[in-house]
Amino acid sequence: MTAFVVYLLTIAGIYGIMSLSLSLQYGQTGLVNFGQIGLFMVGAYASAALTVVAGWPIILGAIAGVAAAALFGVLMALPIGDLRQDYWAIATLAAAELIRVVFLNATLGDPYVGASYGVSGIPSPLLELIPDGSYGWFYLALVGLCAAGCYGVVIWACRSPFGRVLKSLREGGDEVAQALGKEVRRARISAMALGGAIAGLGGVLFAHYIGYIDPTYFLPLETFLVWAMVILGGSGNHLGALGGALIIQIINNGTRFLNLPDQFAALRMVLIGVLIILVILYMPKGLIPERRRRYGGRNAARR
Amino acid sequence: MITQILINSLIRGSELALLAVGLTMIYDVLRFPSFVHVEFGTVGAFIAFSISSILPFGPITAIVIGGCAAMVIGGALGVASDRLIFSRLRDATPIILMVASFGLAFVFRFGSQAIWGASPQSFPLPLMRSWSVLGGRLAPQSAAIIIATVISMLVFYFLLNRTRLGIAMRATADDADLSEASGAYSERIIRVVWFIGAGFAALGGILIGVATQVQPNMGYAVILPVFAAAIFGGIGNPYGAVLGAMVIGLAENVGLAINWAALLQPLGLVDTDYLAIPVGYKQAIPFALLIFMLLFRPQGLLGRKST
Amino acid sequence: MLLAVENISKRFGGLVALDNVSLTVRQGSIFGLVGPNGSGKTTLVNLISGFLRPTRGRVLFEGKEIQNRAPDQIARTGLCRTFQITLNPQRMTVMENMLLGATAQYGERIIAAALRPGRVRQQEQQNLQRAWELLEMVHLERHADEYAGSLSGGQKKLLALVQVLMAEPHLILLDEPVAGVNPRLIEDIVKVIVQLREQGHTFLVIEHNMQVVRRMCDEICVLDMGQVLAQGEPEEVLARDDVLRAYISAGGDIAQAGDPDAAPTETTP
């Protein structure tokens, strides 16, 4: 039971990192990324392939995974300005699926690594140093640390003048920001790079935790679960994104140990769907609404 | 060989066409891409399957009756979705509508799984021998799919051009073109569009179920090809959507059959004599086409709408 | 000359929106751009601010050609604009809007912001200081922490005006600064604009309200069907017969256009 709770919290933490990434992209910048899982997948695959096939140390594989996902984010960002919002959303969904089909077909060096065989034997960090029974706790702490770090980065970025520009893109669109002299394209590319890097870190943590990945882990369904987390938690509030991740993962995984029949498993997803609809209809700001930043009076500024 | 490719393309195109027609109409009238649309196909297929399995008739009669009933129920589900959810979000941004639509897609897809189970089921069709058509093979149920699609499109054409409501709808569409205004459609037209769109989607799902199997993720599996077909035809253009569906069907089948080396070698791009797209990448063809269209020709091939 | 528009033409397909328009704006003046609806005023402002490219002709700002530059580039060189319908980010507070208005912010590039946090903080303090001063000038300081979307129509216009001032622009294009604003606030807005001119700011203003035009403009240009109909001092130009006729044939009326109640109300508070 304890092991299960540790597992659940670890997965929730990894998805919390994912939803922080989406919170930055959608909550702050207004970008409707329906290919979120693609960023996660690129991070996971890059790190897994480099550590398993090329034999890189885990830390270098992780850095490469984060960088690869950031690069994918930049690629996704390139056409945003020229595309209608809904078209970009569909295009991102298609792009993530396209990458997934490539991973489903391409072998990675070895004919039995990659493709539908997946990548197995992904090493776990510091496995030999941690006493046997407590590795789960160690990894939970690692994920928690990473989630806290990502939270800090996202909060910092959103409170900076950079974050203000992102918010103006969400609220006013390109015209207003351009009229105010903002480099719209650069800001969006930066946002997607940062969002990609964070989601990529989630993917890296996922790959080295589970130890085995294949393309079935990265279905578009996962993207929509991350959306549910952000919408439920409150888009525009990054703490809400973390809370949403915990709630959705408890619904999604929390009853797994009960060994209920398949059809009950489907009901969990129905519940998530109903939650999304109810939140949109009756609580559009989510559990923790976006906070206004207060500057106080003039005297506060002088102090 | 070529005949077979064309037959297979036509079958695939027919499967996608009905789903794409409804999607493009709802997209046009409500101005958001509905991610729940293909799930009306899933639910419709399951309902048709359930009804046909309890009817005391021969399998083909039962499937036809079950299919008609499922279309009506699917259409009604579409109208109910609008009344309960989307009508309350008329002023919302397309983003919110998209998110609501995939929330509802979860409900339909996994609701189907909860009711009917995750394992694939087949309509109880008798074993039928394929016909030989101009050197290709065509299974009777595939022929039925093509015929059902053609009949549906004729009915659709009649509705749009010969009924008062259809004419009113087209007039609104033309006005909306001029004024660029959303919310131009009356609530009555919106309801009818949901009914027809979801009903056609249900039929599309039934046809896919007849051709292959009925399972909870069958609608989800075609969501991107259906989007590709609708975008290809130009959003708001039902005939374009049918054409788009045929193009996607053709691209999937022809793309695999082509020896790309013959095309690329003269350009000096490859130095092998044979280069084909591996079968595993077949499903990627519509994804790639979709991205290409969105980037370079979002108004579609026929381009009725420029927005 | 601060701004010189030279022989600008703009076609949209077969439609000629602007035909060989030239005008110059002097440093420290308020230049009015008037004319009936559809005469090409907003098109001209969009051309000057870089949102449209001219089919022919040049735009010189401080002696440099700017007609091929991107809007954000133009804004950063000191030519800033507001919009007819105030598009200020609604779910950002008034103060956030103000801080957004400042250009050349070091912290708007994420890597720079990460590398030099001290410098970003310092710049932010300076901008905050200036924002308070400007908000006090238009009496919006009490609303600093409210969402811009919750302001009244007139307050939004004021916010758009002072937000642009955050960029310390050399020339400000105002697209109907008093449209849809109640008479008392119109008075405030006009006073602020005139006061800013006294401080040396330069404006190019599109305005329908002829009383306002008469009161504050040093020079005006009347556009009709994409062409310059008349240019010169407001009283002189507005008394001309052809100008009157242009308004009347366009269904408008100068006397009525001067009536605040008849002002078009694009922005409902």
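For reference, chains read A, B and C in written order, and residue numbers begin at 1 within each chain.
Convention: a contact is a pair of C-beta atoms (placed from the backbone, for glycine too) under 8 Å apart; a residue touches a chain by one contact, two chains touch by 3 or more.
Every value quoted in this text rests on a predicted model; they were computed, and no experiment measured them.
Engineer: Which chain lies at the heart of the structure, taking centres as C-alpha averages?
Structural biologist: A
Engineer: If you take the mean of the Cα atoms for each chain, which one ends up farthest from chain A?
Structural biologist: Taking each chain's C-alpha mean as its centre, the farthest from chain A is C.
Engineer: Go ahead and note the Å separation of the Cα centroids belonging to chain A and chain B.
Structural biologist: 31
Engineer: On a C-alpha centroid basis, what's the spacing between chain A and chain C, in Å?
Structural biologist: Result: the chain centres lie 42 Å from each other.
Engineer: Could you work out how far the Cα centre of chain B sits from that of chain C, in whole Å?
Structural biologist: It comes to 49 Å between the two C-alpha centres.
Engineer: Among the residues of chain A, which ones contact at least 2 other chains?
Structural biologist: Counting only residues that touch two or more other chains, chain A contributes none.
Engineer: Quick one: in the complex, what on chain A touches chain B?
Structural biologist: 30, 32, 79, 82-91, 93-95, 97-98, 101-102, 104-105, 224, 227-228, 231, 262-264, 266-270, 272-277, 280-281, 284
Engineer: Can you name the residues of chain C that touch chain A in the complex?
Structural biologist: For this pair, the touching residues of chain C are 49, 51, 70-73, 75-76, 80-83, 87-93, 95-96, 99-101, 103, 105-111, 113, 120, 123-125, 128-129, 132, 136, 141, 144-145, 147, 163-164, 167.
Engineer: What residues of chain B sit close enough to touch chain A in their complex?
Structural biologist: So the residues of chain B touching chain A come out as 32-33, 85, 88-89, 92, 94-96, 98-100, 102-107, 109-111, 113-115, 117-118, 216, 224, 227-228, 231, 278, 280-281, 283-284, 287-288, 290-291, 294-295, 298, 307.
Engineer: Could you please specify the touching residues of chain A with respect to chain C in the complex?
Structural biologist: 157, 160-162, 164-165, 167-168, 170-173, 175-184, 186-187, 190, 194, 236, 290, 292-296, 298, 301-302
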